[in-house]
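Sharing a structure, written as structure tokens. Questions coming.
First chain written, first letter: the chains are A, B, C and D, and each begins at residue 1.
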Amino acid sequence: MSSRLQIELVDDRIAVRSWIDDASDPDVGAIAWFLGVTRRNTGDRVTDTLFYEAHRPMAKKGLEVLANLACEQFDLRRVVIIHRLGEVPVGQASVLVGCSSPHRKDSFDALAWMMDELKRVVPIWKRECYADGTTEWVHPVES
Amino acid sequence: MSSRLQIELVDDRIAVRSWIDDASDPDVGAIAWFLGVTRRNTGDRVTDTLFYEAHRPMAKKGLEVLANLACEQFDLRRVVIIHRLGEVPVGQASVLVGCSSPHRKDSFDALAWMMDELKRVVPIWKRECYADGTTEWVHPVES
Amino acid sequence: MSLNVLLFAAARDDIGSDYVEIDVPDNASAALVMSKLSELSPFMAELVPYCRLAIDERYADASASIQGAREVALIPPVSGG
Amino acid sequence: MSLNVLLFAAARDDIGSDYVEIDVPDNASAALVMSKLSELSPFMAELVPYCRLAIDERYADASASIQGAREVALIPPVSGG
């Protein structure tokens, strides 16, 4: 069943249109997509740009495991996870996650679950470059 | 704030790409969208095609109210709701709902809420045309 | 007075027209209009109890009056999306 | 034995290299490797307790042995998405 998974790490703009175009499947009733985008403001700090780095083979494998676990838990027909690495300027997408299912609840739940898990386990890190010239790796500590 | 709402009833294919293209807003960190698609199988019945009809002015107004209520409940930057009327063959989208927000939880929650509400209150009806030649208006009775 | 009620979906197919003319008092309630509509056919008798009445493009309570209404519509259970 | 540990993000910036060589027994546990890494600098002493160790591209338990490992990597708290 792995043909229904499309997992990629990319170093350039995510080609959103080409991913979302290829969607017609007669057994699908619901398609849901999420784009994570670099935001200018976090609290009172202003972001100029973000840089993402990864343990690439482990991140690729981690995203594949994530997609497979989503297929086990939810009734999905297709899963797409694309994560961009390197610089991702404000207003551009760092991640695209999409899925399709016969019924919409599976796609909604899977999308939120995959984003939560991605942020929890996949070895990808972002470095904030603030407008004041400082930079900072984001290493959130789980509570 | 109504410029951030885009609500449409259309009689032809929903142009998903045109909405996605126009998505860059520096205060947005999350963009999510949902497509409802005509599915071939429902239970053991095989669908050939669907027809949608609406009380058009009331449906348009209903979708606008929905989008405004979503903006009151969730921290959204933009809401798009496009519903197609007339024939929607298997594999094509009958509805596109999308939103953007600083944080992803608002977009996920708003998307699910808007789809639930749309299906509950907006005067749009679908007629199933089954492969066996029979047709049937879908008038779900709330329990 | 004579009142035109807009019909949709299965109700329109049953009556064979996108509106129906019924006779009700000037200040009839939505409930009375619904009751008149349910008398139009055996199918309508089954469907109407699950419908809502819209007066001037808004869902109306059972007690709402049609007096002065520009448009009255019977809204069967919806199935958009 | 001498073990190369891959470093990422703030750990790599602190050490100034994308790997570090440490001296540990052949059958050292992940916990021992982490302990050695935390001795490398005051910054690492703070960061390492929040990190996970990956052996051959999988997260390892504290008790897992590095014996025979082809790759050992220090994985700081992640922030993808």
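Just so it is clear, contacts are C-beta pairs under 8 Å (C-beta built on N, C-alpha and C of every residue); 3 or more make two chains touch, one makes a residue touch a chain.
Predicted model, so just to flag it, every value in this text is computed and none were measured.
Asks: Chains shared as neighbours by chain B and chain C?
Replies: The common neighbours do not exist; no chain touches both.
Asks: If every chain is reduced to the average of its C-alpha atoms, which one ends up farthest from chain B?
Replies: The chain lying farthest from chain B is D.
Asks: For chain A and chain C, what's the span in angstrom between their mean Cα positions?
Replies: Comparing mean C-alpha positions, chain C is 49 Å from chain A.
Asks: Averaging only over C-alpha atoms, locate the centres of chain C and chain D and give their separation in whole Å.
Replies: 72
Asks: If you average the CA atoms of chain A and of chain B, how far apart do the two points sit, in angstrom?
Replies: For chain A versus chain B, the centre distance works out to 23 Å.
Asks: Which residues does chain D have that touch at least 2 chains other than itself?
Replies: none
Asks: Residues of chain B that contact two or more other chains, please.
Replies: Those would be 36, 115.
Asks: Let me know each pair of chains that touch one another.
Replies: A-B, A-D, B-C
Asks: Okay, in this complex, where on chain D does chain A touch?
Replies: By the definition above, chain D touches chain A via 6, 8-10, 13, 47, 50, 54, 57-59, 73, 75-81.
Asks: Given the complex with chain B, which residues does chain A contribute to the contact?
Replies: Going by the criterion above, the answer is residues 16-17, 20-21, 23-41, 90-93, 100, 102, 104, 107-108, 111-112, 115.
Asks: Could you list, by residue number, the parts of chain A that touch chain D in their complex?
Replies: It is residues 36, 52-55, 57-59, 61, 83, 94-95, 115, 118-127, 137-142 of chain A that touch chain D.
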